[in-house]
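Both of the next two complexes hold chain A, though its partner changes from chain B to chain C.
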Partner chain A sequence: MNVDIQSLGTFNQLAHEGAEEATRSMAQMTGIDAVVDVTKITLLNRDDVGEELTGREFVGVQFAFDGVLEGDTVLVFDADSAATIADALVPGDSPDEAMARSGVKEIGNIMMSGFIDGWADYVEATIDHSPPEYIEKSGADVLPDAPTDADHQQVFVFKSQIEWIDESVNFYIYMLPEYEPLAELMMEQADTEDDAIPIDKLQTFNEMTTKGTQKAADNVEMMTGIPTDAEVTQISFAPITDVPKQVGTETYVGTVVEFTGTPSGYLMVLFDEVSAVTVAEAMMPIEMEGDELTDQHTAAIEELGNIMTSGFVDGWANVLQTSVEHTPPRVVHDMGRAIVDPLAAQVGQHQEHAFIIESEMKTEDIEFESEILALPNEKELREALEALDVERANETQADVEQIFE
Partner chain B sequence: MPDVLIADDSEFMRNLLREILEEDHQIVGEVENGVEAVEVFKEETPDLVMMDIVMPIRDGIEATDEIKSNNPDANVIMCTSVGQEEKMKEAVKAGADGYITKPFQKPSVIEAIEDVVPS
Partner chain C sequence: MKVYDGSQSESTTQNAPERIKVGIAEYKVTTDAALLTTSGLGSCIGVAIYDELNGAAGLVHVMLPSAADIDGGNRAKFADTGVEVLVEALEAAGSTTDAMRAKIAGGSDMLDFSENGSSIGSRNAKQVRRTLEEYDIPIVGEDLGGDHGRSIKLEAATGELIVKSANTESITL
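On to the complex of A and B.
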């Protein structure tokens, strides 16, 4: 089953415009000034949907939809900002709680109807939806269950992040369509086969990348003694201009390499500053004084980034029976977006949209998190997917003893 | 005590290898790229080279190829984070005698050296 890049771009644009329509509706009703920050389509494991919401309380307004597309969609916002929205709707010192909920629910209804309507107009068909449901839940529980499909362990998620201007509050719109109707609709909208992506192979590639992330996590554990688990691995598709927004505005320490082969592109291994110091010190034989990042920390991060990079990309090369070369790592220490921006600009010279391969790893025992981001050349990723033999998907490890016999 | 040349662009990894090896080996040089590796090999003719692959200026496979072309009896162990089958085959073609993937621990390094340069 193939979809073309143009269709993915169109669908991403539909989700973005839907989110903008929803945001305009909210501004009209509440006076809250907000903008759609980023919209992306992500392919990830069903169990990982909403992982980024972990640890916070949310209010959600969700409904099911069916027609040419089937699935669920939900507007999510922090529990605290729900009170602000209610207050904007029903001003007063002590608004009636039931009235406030009803108001929030109606805002959600209007916003999400605006979100869905654009899709229906585009495909010139009807998409019906159920009455909205108001929910208060923690973390990913605020989202509807991802659609199940015996043939597909992974799901497509459309996610828009809406930023409340002048406030550090974000809203999110998630749309979780059923796999088959979405794939069929994308195929129907395809203009050409020239830039087609075989989406079933994209899933296989995602699975290979999950193994690569686990290998990188194993390498971290071996070098530091810190038990490290691969968490989420996903492939997202977004306009080039939105790529830097995938990384937060926090300061990161890490490495950047350019890789060449099939595919080529850039790969970043990023740690927040606290994690960088923690992981670097775990690699050193002597205890360091103070919690500042020294040259010794940086040297350790440089080598760890190098080893994690190899752990991540070697599996691609082995499955594809090719080699993926990479430059020596360059250490970076800057705001996340400032690190990604020049790399996105480089990739953007040849393409308007980008696939972003994102992986996270963390440990429960100490404060440690790391992200790996890959920005492959879209044309070469397509070629790699074309060449991918699904039967070889488990052949991520090379047998060095056999080769050097 | 065998003479060893360490070629790795990472200071951290050179330190680690030195700590692992210096008890039973003579470290005759530490270099950061393939060009320096070839030069120091000519000067010191060590018993063994621990050679990284991904290095600036000139990579470890090219350096190994030159060293082995001029000195077929030289012993070179690739010591790299790269775990790609095609790259391992390139290393074999260049004449590498062994291949260790990072991260490694002391026993695997000693075992690989013992395979190539028996004590």
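On to the complex of A and C.
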């Protein structure tokens, strides 16, 4: 089953415009000045959907939709901001809970109608949706169950983040379509076979990356003694100009390498500053005074970034049966988006959209989070996937255990 | 967070200029003294142009040197067409190029892996300069290059461009 880059691009654009339409409807009604920050299509394991929402309380509305596309979609935002939303609707009074709830529902209804209508217009077919249902849940539970499909462990999720300017309120729109109707629709929209992406192989690739991340997590554990788990591995597709927005505006510490081969590209291992200090000190023989990031910390991060990168890249090379080499790591300590920006620009010289491979690792015990972000050359990734024959991929899945041992 | 409590919110609205975010490969123009911001400039460049006479101001966040290298797409993504589209938008807002002044920031060489040839950051800077020169718009302030990222704020009311880096003090151009 193949889709092409162009239709992935079109569908991403569609989700983005839908979110913008939804945001405009809201702005008209409330005067809230908001912008759609980023929209991406992500392929990930069903169980990992909404992982990024963990530990937060959300309110919002949910719809089911039906027609050429089937599935569920939600608009959610932080529960704490419900009062702010209600206040925007009815300024002045201190809103009570019932008012806040009806405000949320009203905004949700307007936004989501705009969102779904945009899709229907584009595919020139009807998409019906159910009446909005008010929801109030924590973490990933706020999202509808990912559609089940015996053939596919992974699902496509369309995710838009909307930022309310001047307020610390973020909205999220998640759309979880059934795999088959979506894949069929994307294939129908495809114009050319030239840049076909085999989706099934993307899934295989994701599984392989998970193993690579686990290996990288094991390396962290070995060097620091901190039990570390690979959390989520996903592959996303977004316009190149949205790539830097994959990380926050806060300061990160980490390493960057360029890798060459099939595919070529860039790989970042990033820690937030607190995590960087924690993880670096776990590697050092002596106690450090203060919690500032010092040169010793940075040297430790460099070493760690290097072994994480090697584990990850070697994993790919083995799976893809190609040779992937990488440069020595360069240490970075800067604004997250500014780190990704020059890399996106390099890749953007040859392509309009990019695949972004994201892995995360976390520990329960202490404050430590790390992200691995890879930005491969799209054409070369496509070639590598083509060369990955699915039968061999199945064998590799068994082999992979040995590869990463 | 704004405080929504009657009297206060009114004065907040009056005093604080509107804040307008400019994303990557986007441009925005204001004629009512808004604050234009863009963040996470690595090799990208923020080109701020303001009109000393009529108070109009605009900011574009360009990513790559030249539109000629790539087919079609968004003009604000490239240094050459990005400056053009911003100048046109300011002209549409009643400005003339004679009264326009430019301040530019970004174009860092950080994470430049190219072994030969110049970095995207320096090529972006070169292209921005060339295009501004074609319009005879003087560059009256700049903070370019280096190996660090930047975030910038343009105060349309004064034409001041505040440049922030992760590891150093802010500077005002």
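The criterion applied here is as follows: the second predicted complex is superposed on the first by the 379 of 405 C-alpha atoms of A that agree within 3 Å, B and C clash if a C-alpha of one lies under 4 Å from a C-alpha of the other, contacts with A are read in each partner's own complex, and residues count from 1 in each chain.
In the analysis below, a residue touches a chain if its C-beta (ideal position, glycine included) is under 8 Å from a C-beta of that chain, and two chains touch if they have at least 3 such contacts.
This is a predicted model, so every value here is computed, not measured.
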{"item": "Room on chain A for both chain B and chain C (clash or fit)", "value": "fit"}
{"item": "Contact breadth on chain A, by residue count: chain C or chain B", "value": "C"}
{"item": "First (chain B), second (chain C), both or neither touched by A:R337", "value": "second"}
{"item": "Touched partner set for A:T126, first chain B, second chain C, both or neither", "value": "neither"}
{"item": "Chain B versus chain C as contact partner of A:M283, first or second or both or neither", "value": "first"}
{"item": "Which of chain B and chain C A:T327 touches, first, second, both or neither", "value": "both"}
{"item": "Touching partner for A:N318 - first (chain B), second (chain C), both, neither", "value": "first"}
{"item": "Smallest separation in angstrom, by C-alpha atoms, between chain B and chain C in the superposition", "value": "11"}
{"item": "Contacts on chain A seen with chain B and repeated with chain C across the two complexes", "value": "327"}
{"item": "Partner chain C, residues of chain A touching it in the complex", "value": "35, 37, 84, 87, 91-92, 163, 165-168, 240-242, 244-245, 249, 251, 256, 258, 266, 327, 330, 332-346, 348-349, 352"}
{"item": "Chain A contact footprint on chain C (complex, rising order)", "value": "1-2, 4, 6, 19-21, 23-25, 39-44, 63-64, 69-70, 73-74, 77, 108, 110-114, 119-121, 148-151, 165-167"}
{"item": "Complex contacts: residues of chain A adjacent to chain B", "value": "215, 219, 222-223, 283, 285, 299-300, 302-303, 306-307, 309-311, 314, 317-318, 321-328, 397-400, 403-404"}
{"item": "Parts of chain B lying in touch with chain A, wherever the complex brings them together", "value": "9-13, 19, 54-56, 80-90, 92, 96-99, 101-103, 105"}
